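Following this line, the structures themselves.
Shared chain: chain A. Partners: chain B in the first complex, chain C in the second.
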Partner chain A sequence: MSQKRIIGAVEIGTSKVIVLVGELDGRRHLNIIGKGQSTSHGVRKGEIVDLKAAAGCTHAALIAAEKNAGANIEGVYLAASGSHLAGFANRGVTNVSASDGSIRNADVARASADAKSKALPADRVYVHHMRTGSLVDGRRVDNPLAMVGERLEMTYWHVHADERKIQNMIRVVNGFGLDVEDVIVSSIASGSIIASQEEKAAGVLVVDIGSGASDYVLYRNGCIQRSGVIAVGGDHFTNDLSIGLRINASNAENIKHRCGKAIVDKRDKQEQVLMYGDLRIGDRPIPRNAIYRILHARAEELFMILKNKLGSALNAQNLPGGVILTGGGSALHSLGEAARPVLGVEVRLGESPSWVRDIALRRPEYATVFGLLYYGLSAQQSDDDDAQDVAGGGLFQRVAKIFNVG
Partner chain B sequence: MSENDHLESPNRPIRGAVEDAVLNIKIIGVGGAGNNAVDRLKMDDLSHVGLAVINTDSKTLNASPIAEKLMIGRTVTRGLSTGGEADIGRQAAESDREAISRLVEGVDLVFILAGLGGGSGSGASPVIADMASDSGALVISFVTLPFTREGQRRHKQAEDALGLLRRSCHAVITLPNDLLLQEIEEKSTLLDAFAIADDWIYRGVRAIVSMLNDHGLINVDFATLTKAFSSRGGKTLFGLAVGTGPDVVGSALRELEVCPLLHLPENKYVRKADSLIVNITGGPDLSMAMVNEVLDAVTEKFSSRENTVIGAVIDGSLHNRLHLCVIGATDVDGKRYRSARYRGYREQGHTAQPAFVESRSQASDRRRDEAGVSGAGTGESPALPADDTEPVRETATVGEPVAQEEFPFSRIDDSRGFFEETESNMYDGVDLDIPTFLRRGIRIHV
Partner chain C sequence: MMPKKAKSTNKARRSWKDIPQHGVRHASTVASKRRRLAMATRTLGVVCALGALAAGLMFVAYLVRDNQQRLSFAAPTKPAVEVVFESDGVLSRGWFAEHFRDPGKPLREIDLRSLKEGIERHGQIHSARVSVRLPDQLIVRVQEREPILRARLQPSDADPIDLLIASDGTVYAGSDYPAQALARLPYIAGIRVSREGDGFQSLQGMETLAELLRLARVEAPELYRGWRVVSCEQYDGDPYALNAVLRVRGRHVREAVFLPHDFGPQLERLKQVVEHARREGVGPPLHRVDLTLDSRAVVQVTAPESVSTNVRGNRSF
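Up next, the complex of A and B:
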């Protein structure tokens, strides 16, 4: 089946809305044919606080993207973030029904349905069911199909969200006359593209530091094991600077980009930088040391929270792939150096895959939208392959198999 | 409205001749921290200021050198402390309403000093503030907030008390203890740290009192002050600075720029005050040109000139020095609080405590009048985009309603990145939106 589809990846972020338009050609090809971007309004800490404002800037980005691509978007994959996202692990158990004890599709489906059947509070909705592994008679197996056993367990990591907040985001896109094909958690989208298959198999943690919030996803055995959100992002660094140095937000943002550093450098303890640095009236010297100390405190705390949230899952043994930082916030100078002593594992900055030709698009803030497009490509494939495996309940039917298997 | 209306309380005539009316000012310290703050206030140079301490703990009270003492809640705590329970502090104050009302009766201006987070300070001061303002006084509170390190419970208690205080005081000035860590040197003692808080309180109180009492270039009378603070429930801006050297004005303004009190996380969002009081205390060489320079700079930053009250006082002992004190009030969220409060009081007054009905409803009517007047004067300003970039601000003050209609996002854009409209971001008992260095007490040299 060879058909062309134009899909859009939309991330309504705290600082900007990014739309990437991709052309899915057949089953294997993805061409990026357009990009649209606008400064975000009405979004704080990854959540929409002003629907009208958010809709305005999202539509502006969509228009720009369609114009840039010269095509109409047919469907949209939407990234979700914010502290309302939560996750938990749950497993489904079933007895193998066949008389010879070999596991069939029906057994897997039954165990999966059992795992997914846990009811959520009224205002919560499942976003993803991530298969984290399967056990046959208590032994871990990669694929239980056709194996012999009595008892099959399917383990899942479930991600759920505030239903209204998700619906708000969907309504913003629907208001433009587009359907949302699926909602994908930001960390899962960026993780899928930033980490390689080998790293996912060995164990890797991807941390996407956005403006309003940081999302993380932990892979092991090729599967997503954990995901989560910490409601601290680049804006918090800026806000800290603004309060600590007593300057306004735009100056703080400027200083963060111009001379920010997440570790305290002993060398230039006495050195000062100018607030504007362009001979403007009202310029004022600011000690570098003050900037570094403020940023370092926030960075250290962010990684401390991450460490507390992940607990024992975060150690060098479990994570040979280390930690990959991505997202716009990861551009802060020396952030990796600040993270390493806290997390105790290797930390590196993520890189977009080499097939991305446009240098501007390789910047870390585009990782999420790339991940969304990649998701769209994989969803198309799994549609053709076996729809049966993804026939779970919930609002978002299409849970891509590719993400579970890696 | 004539100015004397503000001085008149429904149940109390002005004492003495009108020409020679002496303002009755009282500073009341509530709870342990409040008592200590009053004890340490050196008010020799301030005349007509009464000092009083209120506490549940008889031991602390006895140790205080202040003459006017009031022990509350004898029936509740039997002269012991509240054990850090704000509820008990509140009950103690409620149980001694008559004694408290005697203490605040006939006072025009009440300063309440308290440390929030504990029992007496958090529990009793909102009740006392309420009674003082109901008796017709202007109530200004200086409260310290607990260190983040002191834990979630004290923090919560302080937050709750602060909310109550904002509703019953005309101005609440908060001094977070976390900020003290920013101000002290690493080797300084605990006493040094609290001396800074005392100094802030002292300078704030002194600025207001001297503006009213001392003679200077420009005097502010009490009615003007009352009018400036007529609305309650809003947030209060408070900043202090001292200028020295040849360019006293310039250095004072620079210091005001970096005054930590103006940069509290919560005040970040109070960009423009709806009413602003600027007090300048200078030596005999203080000139009108200097006053104008300060006024220009300060009004540009915090308010519009129409809403600014300025006081300039000459202090013979100051040479080449200039003290600046800026106090601003917002009534942005005050309106909501006010209406809720009065509704609540009407009901309460009719059912539970009939004795208070008359004076309360009169008081509330009077205040509503004032609020109406001030609302008419400043009605536009809360709606203006809080913007500090030059061009937009210019058009806003010139007043082109069309221009405002065209930029519905400007307000959001300006404050984007700050977290005022989001839920608080609690993790492990701390609000992550508050800067880490403040919570950890890391000192930043600016």
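Up next, the complex of A and C:
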């Protein structure tokens, strides 16, 4: 018997709050039935700095989404972003217990528990435990179950965050009378929907450029190998324009969207654009070249930081799938072309899968919320459930899952 | 980035899921309060609707059940009330059905007290018990009077009527008695029967006659079977009144005269007289035996007109 649930994906971003409402049918089918959006307040660089203001705009988006969907949301998947997010790799080791050396669920569970047992500082909490691979007697294997060996190693990428900042985000949702069912890092959510399984297996980097920060996630062998946050986002481009052209932030944002480009094109050297574009009082011409140079400089810096962060992991050999840019900031014209010479790998703009029919949902700013729903429902989730799935789980847990309880 | 150090082991493996969510309402806004109010109102509405639905279903069930009961009265497939009639005498359920028609109403509406009184108004009924057994049975148990004598009433403008007299003096028109049983009962004479309501006035002193007849049936059954009339011309109900006697006319003795008390010795003497007369070849029938003289019996063998011609006609035992 199918059981329908109404779930919401919430991204409290620096520039806007986006809510997507999905109808989940027996954990198999997902229908997007509504969306809501509001201008963000009280959020800076992906982190809440004014709880009341953030709650006000988030609740407005939730109300709009529920009205649009014509249904009440029952639970929320929440996107987490901000420079407080961090990650580290760790591996768990165990000796195979069976006399014949056959690896069983209990061995995998023991190695996984060992990998996750790393203690965090008091103000940090785990957000994800992403399994990155497994080794049997030092040899990499896709699935260690039933293989023969003496020593099993499970490698994980752990994502952790500042407890209070996560708590603030959860409180905003709780204030609306809803519980947060899962917290998912923005880049992981985006990556789950933007990158194909083949790209994830070959190696791909997904960069979600938001307003206040940019999140990235690196896939190899079909698993997340690394994730992180760069405190540079679309707002920095706007801010640079504002300072460089001596115009206010609103006009700078307008120019960035209207005629911004991340590379300097010598053919446009002599061209000028009007600040407002409608010859009103105060309208004045601005050289295109100046705009492009400012934006290019910031883009170059962004990708340079990314290259420095990833180091040797970011090269054409490790990333046959290249780099995928997504998020609202990726809409800047020629951003991919600006990134290519810096990163040294193929760069392309992310596109939602072809089965996403709604044109609006295919826009890059919806990648995170759409990915939240997709990631939350897909079997790719390798959080704490990972160990249970690998271990098979108890009979009660399986029955509870069927009936969606527990 | 690796965490530099862990402060305490009990903080190990802390997840965002450890952050409490329930009851945290610090970030409430007007919109969220409105939503919660709307949801509470909706929940209340649903509860009320379900309650109303349940009440409606119960009401419909009540109506259906009530309607079934009404239909049962309107066109019953069997009598609404089943009568169970039990008697220690001769009366049957037919007699009850003849005199007390099916009330045609629910058992709970029958007045048991008035029904009992109505049954007991019949002279043949000594007492009645009326009860109900749910769901639909009316139980009637009666004790009947036993007749000891018959009385023939001769109305001036109609055929004679045979009435029965019980030992307590009740006079009634008997029902359902076998004719053979009634034929054995002696008639009573020398009494005055008066109507009282639908029945007749009770007679005084019948206990005395009942005792005589009972003893005769037991002690002298042969003599009793020959008794035809018991006369109360000189008996007004007081067995010790001056000159009170009972006269019994029968087949063996045309007239036996008893004092209305101490019947045992008198019956014994009468038996001896009849037996002696039979042995002596006198009678039967003897004309008269007077048993009122203490332990003696005056026997008149023949009728008085022949006494003068046959001195042997009078003997004293």
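Criterion: the second predicted complex is superposed on the first by the 378 of 406 C-alpha atoms of A that agree within 3 Å, B and C clash if a C-alpha of one lies under 4 Å from a C-alpha of the other, contacts with A are read in each partner's own complex, and residues count from 1 in each chain.
Quick note on the criterion: contacts are C-beta pairs under 8 Å (C-beta built on N, C-alpha and C of every residue); 3 or more make two chains touch, one makes a residue touch a chain.
This structure is a prediction, so every number in the text was calculated from the model and none was measured.
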TODO: Put chain B and chain C onto chain A via the superposition and say whether they clash or fit.
DONE: fit
Task: Which of chain B and chain C A:253 touches, first, second, both or neither - done: first
Open item on the list: After the superposition on A, what does A:44 contact: first (chain B), second (chain C), both or neither?
Closed with: first
Task: Which superposed partner A:121 touches (first chain B, second chain C, both, neither) - done: second
TODO: For A:163, decide between first (touching chain B), second (touching chain C), both and neither.
DONE: second
TODO: State whether A:177 touches chain B only (first), chain C only (second), both chains, or neither.
DONE: second
Open item on the list: By the touch definition at the top of the document, which applies to A:56: first (chain B), second (chain C), both, or neither?
Closed with: both
Open item on the list: Nearest 10 degrees is fine: what angle do the Cα centroids of chain B and chain C make about that of chain A?
Closed with: 120
- [ ] Once the structures are superposed on A, label A:276 by its partner contacts, choosing first (chain B), second (chain C), both or neither.
- [x] neither
TODO: Answer with first, second, both or neither: which of chain B and chain C does A:72 touch in the superposed model?
DONE: second
TODO: Could you tell me how near the closest CA atoms of chain B and chain C get once both structures are overlaid on the shared chain, in Å?
DONE: 13
- [ ] Using the superposition described at the top, list the residues of chain A that contact chain B and also contact chain C.
- [x] 56
TODO: Could you pull out which chain A residues touch chain B in their complex?
DONE: 14-15, 39-42, 44-45, 47, 49-50, 53, 56, 83, 211, 230-232, 235-236, 238-240, 242-246, 248-249, 253, 284, 286-287, 289-290, 293-294, 297-298, 300-301, 305, 308
Task: Residues of chain C that touch chain A when the two form their complex - done: 1-9, 11-19, 21-22, 24-29, 31-32, 35-36, 39
Open item on the list: Residue numbers of chain B touching chain A in their complex, please.
Closed with: 254, 257-260, 262-263, 265, 268, 388, 408-409, 412-413, 415-419, 421-422, 425, 427-428, 432-433, 435-438, 440, 442, 444-446
TODO: Note which residues of chain A are touching chain C in the complex, please.
DONE: 51-52, 54-56, 59-60, 62-63, 66, 72, 86-88, 116-122, 124-127, 160-161, 163, 166-167, 170-172, 174-177, 179-180, 183, 384
